[in-house]
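Two complexes come next, and they have one chain in common, subunit A, joined by subunit B in the first and subunit C in the second.
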Partner chain A sequence: MAGTAAIPKPKRGGRWSPWLFAIPALAVYVAFLVYPAVSSLFFSLTNWDGLSATYKFVGLSNYFKLPHDPVVVTAVKNNLIWTVVTIAVPTVIGLVLAIALNGKVHGKPILRLIFYTPAVLPLVSIASIWGWLYNPQYGAINSLLRAIGLDGLAQPWLGQDSTALWAVMVPAIWLRTGFPMLLYLAALQGIPNELYEAATVDGASKWQQFWHVTMPSLRPAHYIVLALSLIDSFKVFDMIYAMTYGGPGTSTQVMGTWMYFNVFQYYQAGYGTAIAVVITLVAIAVGIPYVRSQTREAS
Partner chain B sequence: MITRRGFLGFTSAAALGAGLSACTGGGTSTGGGATEAASNNLRLFTYEDDSTIGLLKAQVKKFDQQNGTTTTVDSLPGSGAAVYPDKLRTELLGGKGPDVWRIWGGQIGAPFAKAKQALDLSKYYDKYGWDSKINTKAIGGMTFDGVKSGVPFISLGIGAWYNKSLFAKAGIAAPPKTYAELEAANDKLVAVGVTPCGLGGKYGWDIMRLFEYLLEHTAGPDLHDKLLTGAESWDRPEVVQAFTLFKKWQDKKWLPQGALALDPSDVEPWYVQGKTAYTITGPWTEAGAILAAKKSSSAFGNFELPTDKTPARHSGFVEGYMINARSGNADKAAALIDFILQPAAQKAMNITASTVKGAEPDPKTLPLASEWAQKYSGNPFYTIQDQAFPKKQADQYFSVQSDLLQGSVKPDAAAKKMQEIVSAWAKS
Partner chain C sequence: MTAIAPAQVTAATSATDTQPISPGPKGRRGLVITFVLAVVALFWISPLALLVITAVRPLADFVGNGPLSWPDHLTWTNFKDAWDIGNFATTYRNSAILAAIKVPLGVLVSAMLGFALAKLRMKFRRTVMFAVFLGLTIPIYITIVPVFIMMRQAGLTDNIFGLIGPYLAFGIPFEVLVLQSFFRQIPDEIIEAAKVDGAGDWRVFFTMILPLSVPALVTVAILDAVATWNEFLFALILLNSDAHKTIPVGLLNFQGQFANNNTGLAAGILIAVVPILIAYTLLQRWIVGGLTAGSLKG
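Up next, the complex of A and B:
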């Protein structure tokens, strides 16, 4: 055919062209991501203080220290609690909101904006706002409780072990609900109406339609929401750092903040980097299925 | 052979990992950041707050005009020693640290000297005669392993700064002279609905000022000093008594409710706003809290916390400047420090506890700081505890305080735990 004859044949070595185009991006990637990562791995095997020009190779001793560090035990426990709560609650609320906003509701654009706004606010601002709301003497939460006669429930929310972690999770949930809501909303709009019509004809109730039509159709969205939320949850740092500084005592330390304290405050960069490597390995383990699913789709 | 899927998978996973690992800074530089080669540009890093940064910049501008330099002044106010040293350290490792930086003495400044990030300033001490111009004891606070790595310009004592009208409201005629009188004053304040002592525990160091005072009261000067160096065991009755009193202050509501979570920068000015009767702080509070709030100094007063011990001591610390060991402009940086250390510059910057002779606070503009200097600055002081311990041990110590105030450990267990912390450090 004339049309195909006009297309020049690829030259020898042409199959390398895509890789050549990738070189600039790859160079940046190696310089700013791969190299620091490999450096971190190396420093986790040293006793570097993070400030001196000298350091000593100590093998895996930083890693062997981890299970014997009582703060690491607290941090891992806090990470697990944080992960479960800040994934489950925003995901469920996000799904409920998405379903509600996908229906016939007045002022849908405004409501979507309101629910998504916390997700775009700077985390430090959110931490600061909520820090004031929780202020034990002058904060709005305790003031409200006192105003309605529930003085006994007024607490130093961030100042005691029993409530501090949970108190930090509330704003985290508040700001993280918008993301699943948005994804679910987009996914809901992609479900063909015919499926619901067919289910209605078959006599399925609304609840049955939800379980047998909506939920299976949202499977890809569930996957993205859960994978990204899981990765996000395990590397939590900023909210806790800004609101409690890991306290009171070490009660709200998570692996991210404990890594920070060791690297940046205690001049134990080798040990702190070992914590970072562990966080990274966990995140990779969690991320691999997601990456594989994405590359499979791309193929 | 690398497949497309394999390549995408590898790079995506690596990006995920690298993103986290890079958060550690990676330590890509191990020797501190080199600043620009000799030029007329200098950078000074400090933690002045809004009320004083303008005064420093004005003096720096004068120096620049006289010396043909251009000095950039950056400040990170607010978090105290909890965050500022991290930012400084990150800058130094990032490849281009400041030429001059302000820092606290003791164990906060020590790591910069020991890591040789800070220049040995001996030759500049000789050149500018700082040894004869600056309080000798203060120089000791910035000398590490025999090396003069910093130039102290502030030597501060901590005491009680109070709101006169709230004391009057509670019927307190004069500042307490004994510990028993202080407790009685606290009771009177609570009785009229006023929280006595405004301190916050978010970063640990602020509420520590109360405990270290109580330890000075129960242990006395000799033992307190030995405890701070690990020369005596903390597992002893004097320490248990100090922890017992510490808990008592909270239980009797002599501290704000939920003090452990309060940010010191929020709480300290409460005595000026009339929300608490007093706080435990230094003379900088006159410029930083009273005058900044457009209040008259005459409405406030200060007194040394009564220890019932001889000699009467308060906690104290020094602050000074260090020069980047890799600065290409060390000579100009030293000249800048010498300029800032001149009595005229110190006075212009409202330095309330200068180490420089002839730079005492002006009683007309800073009457309370001047009063403090005349009454108490001659008294001996013990090293403030967050400078006495390295940061890690200080944080462990704050954690013990926190556990005690929350009731999860008893005073005797807290004393034992402190002994473990301090002895482990002393052995290392």
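Up next, the complex of A and C:
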């Protein structure tokens, strides 16, 4: 790649010039992201209720309370299930679609358009669409089951503990398959044809070609897909809030929604921010290798 | 907001239109794959297709014949009802104003920072990059309590202008990541030549860097507009009254009111997503190019 080195020191403008370009964005970034995030660290050490003018410093006691809160235990479990499923399933489907689309297929642009469409819709609208499909009485899903004679399988998908979390994951998978598909599709086109020709000459089967040529060549794509999915999955909030509100009971609570309810409904802002701090630290920890890779490349 | 961050963006040529790589038997095999993919695609798009069909049929027909039947006749009244009751005239205006201010401003300040990181001899460059890109990993909800307090003190709660600062801040990491990697591919020689001719950094930025980067700027602007249009959590906590709500928050309310009117609900959901769907269909080349091109070749 051309031009990675910084240009020679300018004669005019001086060494302050770069900062004049950098400061507007950095100021906004610090004021509305860094500063609030750091203040949350402080609030998490208090017993503030979110309303009154006074609060007391309580040290780490909010954090000690976390493991004894049964909802936190549920939320952590749900976060983990959510993360594994909403990374694994869209990645695998996206890879299969990309490989299929990479062959001799007609109407490629329209197929690509269809599979990526859910990714641009507002999460709230996706939640509305699926809430409507899942409606026990008038929803298309139960109607379909009844129409094909599987009346026994029709059920209140979002209204019962046993199915609610899985039912919310389906639209998340629908939404998130398009991105890996696009990335894999681009990566597949970068694999030189000679590799496949050489493998064919050596007598490799299609399956062997997949494992020994395709998969290793896709390593950078795997890395980006997994890193970004992991960062994204940890932040889950909108979909669950808009579809089930954490319920029924606490069966679909995740850390993000439980934080929200503590702050805005139970007036425990101190405890709520402690929950947010924990999930943020985990998200940063899993994201750091990706951030480092992006920074390193630039130097 | 989805963190979609390619490592780099080259000129937005969609790499996906080049020739397929896998050899093998042609013709029949391709038709079989096309057929299978078409069936999967039909299944994939069926929630939206069902939404459209439901939105254009009378409620009585939907209730009488079920969601999977073909409509006996078509009607536009669902859209009219949904538009009026859903307060869409207001939420559309609010979302549009917000995007019209936030997107150009965000792209400009991000481009400036990206330029400093990519082309100027800036001290602590890697530290700044690391700190800014780390923002990609930070969940919005860690900031909501302090942001809510800040906005209340500034008198900007229940005001769409109160959303601009937080929206800018959460857009910056992605925009800077994409733009600086694009800028780095602009050859230093042409910048040096301009400097020899006496141009300062600002002149280089506005007359060379920005015009040469139109594909990247457009891609970033589109993705940013989609993210702004779709943002939910800040809007949910900062906006209370119906007159100030954005599309996603308005839609959530609307859903409750239409619990028993399935055709009206379908029409309302469609009204909310149609601008995004049209923009996406028209501009998808840029989006696809921006998401994929170059991100794997670095």
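Here is the rule we go by: the second predicted complex is superposed on the first by the 278 of 299 C-alpha atoms of A that agree within 3 Å, B and C clash if a C-alpha of one lies under 4 Å from a C-alpha of the other, contacts with A are read in each partner's own complex, and residues count from 1 in each chain.
The rule is short, and it goes like this: a contact is a pair of C-beta atoms (placed from the backbone, for glycine too) under 8 Å apart; a residue touches a chain by one contact, two chains touch by 3 or more.
Please read these numbers as outputs of a predicted model, since none were measured by experiment.
Partners subunit B and subunit C clash in the overlay (superposition on subunit A). When the two complexes are overlaid on their common chain A, residue A:28 makes contact with subunit C while staying clear of subunit B. In the overlay built on the shared chain, the residue A:238 is in contact with subunit C alone; subunit B does not reach it. Using the contact criterion defined above for the overlaid structures, shared-chain residue A:121 touches subunit C, although it does not reach subunit B. Set side by side, subunit B and subunit C differ in how many residues of subunit A they touch, and the one touching more is C.
In the superposed model, A:276 makes contact with both subunit B and subunit C. By the document's definition of touching, of the two partners only subunit B reaches A:52; subunit C does not. Residue contacts after overlaying the shared chain place A:261 against subunit B, while subunit C stays out of touching range.
Once the two complexes are laid over each other on the shared chain, residue contacts for A:145 go to neither subunit B nor subunit C. Contacts of A:284 after superposition: both subunit B and subunit C are touched. By the touch criterion defined above, A:66 lies against neither subunit B nor subunit C after alignment on the C-alpha atoms of chain A. When both structures are laid over each other on chain A, subunit B collides with subunit C only at 153-161; the other stretches in 9-17, 99-107 or 153-161 stay clear.
Note: residues 29, 32-37, 39-40, 43, 50, 131, 135, 231, 235, 237, 256, 259, 263-264, 269, 272-273, 276-277, 279-280, 283-284, 287-288, 291-292, 294-295, 298-299 of subunit A belong to the subunit B contact set and to the subunit C contact set alike, using the contact criterion stated above. Subunit A meets subunit C in the complex at residues 1-13, 15, 17-19, 21-22, 24-26, 28-29, 31-37, 39-40, 43, 50, 97, 100-108, 111-125, 128-133, 135, 138-140, 143-144, 147, 174, 179, 182-183, 185-191, 193, 196-197, 200, 206, 220-221, 224, 228, 231-232, 234-235, 237-238, 241-242, 256, 259-260, 263-264, 269, 272-273, 276-277, 279-280, 283-284, 286-288, 290-295, 297-299. Here subunit A touches subunit B in the complex through residues 29, 32-37, 39-41, 43, 48-55, 131, 134-137, 155-161, 164, 231, 235, 237, 244-245, 247-251, 256, 259, 261, 263-269, 272-273, 276-277, 279-281, 283-284, 287-288, 291-292, 294-296, 298-299, going by the rule given at the top. Taken in their complex, subunit C has these residues touching subunit A: 2-8, 15-18, 20-24, 26-27, 29-31, 33-34, 36-38, 40-41, 44-45, 47-48, 50-51, 62-63, 66-68, 109-110, 112-113, 115-123, 125-126, 128-147, 150, 165-166, 168-170, 172-173, 176-177, 180-181, 184-189, 191-192, 195, 200-201, 205, 226, 229-230, 232-233, 237, 247-249, 251-252, 255, 262, 265-266, 269, 272-273, 276-277, 280-281, 284, 287-288, 291-293, 295-298. Contact residues on subunit B toward subunit A in their complex (touch as defined above): 4-5, 8-9, 11-28, 30-32, 82, 85-86, 89-90, 92-93, 111-112, 114-117, 201-204, 256-263, 266, 275, 390-392, 395, 398-400, 402-403, 406, 408.
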